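In the two complexes that follow, chain A is the common piece, with chain B as its partner first and chain C second.
Let's turn to the complex of A and B:
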């Protein structure tokens, strides 16, 4: 009984019948009561993992432990999980109340109608859908259907709640509201939650921790801010962050990094941030747009291609080595399209990656 | 404006003509069943009987055991409908929601069997029934129709349109397959099941060739065979033939008028699904 490993996934692998290897070798653990986001681009295997956790798919190899017990051979209904589907999967011919009661009135441990209704009403109150009890799902808005789906998932009082992109069918404003509601709801119930999403902003805002997947492998398993400040590799640096990170091709020769029109001396870098020795060769220098800013003594000389306003800030777009890059500046910045500028880099905030994507600085 | 009205008028005219062509035989059958013998054979033909001869129906019942035919037909049509509906429901559920080894092969074999016309295997079926000693029995009458690949496929396309996540949700909610079928699948597919039931009942009602083969006793005959023998027996009495024909068709017509909406919905849906 290790609360830090309430959910434990060990060397999970999934090969589909058509030979597609959706999950290559995935291991992670989730602390009891945490809300963990499984993040990644579509096709990265995150929904597959959720389905395997739920028992809707069998893994090709590996083990899953819930509270220290392997559940790989356990049927979905005996895993003590709740599942919220992307399309909610409400039963269209039943009323909201019947939908929420359904898990309690079927199966081996079915309860009496009266008892089931009592429990269902409790969770309907929690998700604020009591008024909708006699409605059919077809008459509900997306947000209301979402709440019904969550109430139905919670009504069995599961130990683990699995949510598969639960907000993707909602409009932007509602999404913000519901995601806050989901977080406060699962925290008040105290249920361990795995939340699949492709939206980094969503993951950063509600996750206690985030596991980022790509290509069937975990890219980083970390606290939200670390994806931003300390990305594990080139993929993470480029996936997380808005506006996206700037990448420049550089070559390391002796004690210098040389780009087409600027040079950085290695001694100027923060020596403690080096991950390993750097042999001479090609590297990618990546820097977040807020760490490459106009300065009088800047090392990159370029011209502003375009200026884009994003709320409190402006993005200056410029071209370097035929690649478009961005610099994030204050809303009041007087710079306009066509202006000549000099940009400086915050050398303690840049990252260096090998061509394979491994981070060396 | 004027052109448009002419077009509408023209299409109504065409519709009217086709409606008359379609409906006229039925109307004449109904009326003819109430005519006297002279009226049915007179030239020019009589349309409206001078006097409604309700006694024709009494004569029909007196000359042949139509009540027995009725009972037999209702019984066999009901049994085939209920059992084949049940079987196709379970089969279609398995094909859509369950994963098992050899599913693809089973599917292919069933599909290829669908290509074989019923008439092609009617004699092997007859031999089977004869060897089992089931000639002139209700079991012999219904046995070959208790499963239907066509209905199974029809339901399969119906069930396939229900999102797979509904089944997954039911599994996580703890429902067994049996509970899923009765509490979710059946209520969600009422229309499709109803269409299948109705089609099955109508084809049971209208069956002719098979009962003709496996029965030769008057007490086991179905309506259509009864009608056929009656027609040759009472060959000269046209008005009785028409009355008997009305008796045969009427129940199915009533069924149609009651469930008109559902039948049309079923057919339309099938069309949309391609």
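Let's turn to the complex of A and C:
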């Protein structure tokens, strides 16, 4: 038993009957008790992975181990998992109590009604839905239904909880509240949780770690902040971060990086951040908007197209090589639309990517 | 507000006129005629004499008994078979559309035509049904010509014809059940029995309530299938007479519209009562 590999996915591949290769080659592991977010744009394969873990889909190749034992051939009901669907799938004809009791009163290992109710009540207390026991799901708000679905997923005391976009049916404010609740709930129960989402903010705020998928492959499997500070590749850098990262086309010639109107000497870069050799050619220079700031001796001279207020900060929008770019400045910044500005780059915070998206700096 | 109300009445007028003319007026007229005697063109006040006659007419009691027996047996049995078949088609069969169409065929075929085919199938000497029964060494009764069998024959026929409509409606209801309900139940280890009784049946309650009401009303009004099966008669020696058959007979053949209208009023009250009781019952089931 290895608690660091409580859930282990090895070289997973899934090709659907119509020939679509949803998952190409995916391997990752999850620590016992962790809350891991599977993040990615729609169609990236994250829900497919969740369904394979749940046993609702069979993998085309690869292996899945729960607590060191392969479960690929195990029926879903014997995998000790709880599953929360995107639309909750609560039974509309049953009361909240009956819904939560349902997993305990069906199948081979069904419990007596009294015992089932006792366990159900325990989890209903944990999810704070005791008051709703006699209500039907149709009378509940989205947030309340969510809690019922989670309570129902937990009553069989599964070892792993799988959640498929559980917050996408809720409004923005409720989503913030519920995601915190989900985190504190699964942490207090101590259950290992895999949480599928397409919302990076959600993933960053609740995940112990995040696995970012795109195109059926893992792009990065890391702690939340590293997606921001050390993106693996061009896709990650552009997927994570709000406002989105700025990208500039540059050409490396000898010991210089040349853009249309600025030049950076390679010696000015942090040599320890180079990932590999950098032959001459085309590259993308990416920089987060907070690391491209107005300064007297800035290397980019441009004009502010527009200013957007986002709470504590302002986004200065400008055009570079016909592409819109952004600079993040303080709320108090006096700069307005039409102002001429000089922008400087924090060279120890920029990223360089090959045209294929591979990171070199 | 006032003009709106005027407009509302205007828009409702066509429906109100037609309902009044063809539903409410006939009911009132039937009740009026039930207190009259004589032929249609020469009606006179009769008080409750028609009622007295009817209550002492054994043929009427046979008709009511047959109708109630028919409704009480054919509706639940037909509905149970429909649910079973719909569930099998829905959950086990691959080419659903084909079977659905097949089962729906009887609904679009005229009852008279089906009745004629069934006369052959039910025929005591050369019928297909008895051929099968005989080859299985089972008793082969005379379905059509034996007065003791005629009600049974009609019930079997009624069950068979009710399947079409019921199955199509039930299939629609089954399709409306969120498939995730079953996925999640399976994940919790629910057996097929659990799934059927704890998910499918409760989800079907509103549909079953609707079908039950429609079927019971239809069953009380049974006429065409009797007519078709027994060649325009109510079975040998009127053994399979039904309420509507009795009404028709008294109205058109015997020429006592007053008596026919008494039977109409009573049948109306029976259907009203049955529908009312059913609604109460289904409401109770729905609540649990």
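Keep in mind that, in the parts below, the second predicted complex is superposed on the first by the 361 of 361 C-alpha atoms of A that agree within 3 Å, B and C clash if a C-alpha of one lies under 4 Å from a C-alpha of the other, contacts with A are read in each partner's own complex, and residues count from 1 in each chain.
The working rule: a contact is a pair of C-beta atoms (placed from the backbone, for glycine too) under 8 Å apart; a residue touches a chain by one contact, two chains touch by 3 or more.
These figures come from a predicted structure and were not determined experimentally.
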Overlay on chain A: chain C relative to chain B, clash or fit: clash
Touched partner set for A:106, first chain B, second chain C, both or neither: both
Partner chain(s) touched by A:198 [first = chain B, second = chain C, both, neither]: neither
Touching partner for A:77 - first (chain B), second (chain C), both, neither: both
Contacts of A:252 with chain B and chain C, given as first, second, both or neither: neither
First, second, both or neither for A:87, with chain B first and chain C second: both
Contacts on chain A seen with chain B and repeated with chain C across the two complexes: 54, 56, 76-77, 81, 83, 85, 87, 89, 91-93, 102-103, 106-109, 156
Interfacial residue positions of chain A with respect to chain C in the complex: 54-56, 76-78, 81, 83, 85, 87, 89, 91-94, 102-103, 106-109, 156
Residue numbers on chain B that touch chain A, as the complex places them: 163, 165-166, 168-176, 179, 183-184, 187-188
Touching residues on chain C, where the partner in the complex is chain A: 178, 180-181, 183-191, 194, 198-199, 202-203, 205
Complex interface listing, chain A residues touching chain B: 54, 56, 75-77, 81-83, 85-87, 89, 91-93, 102-103, 106-109, 152, 156
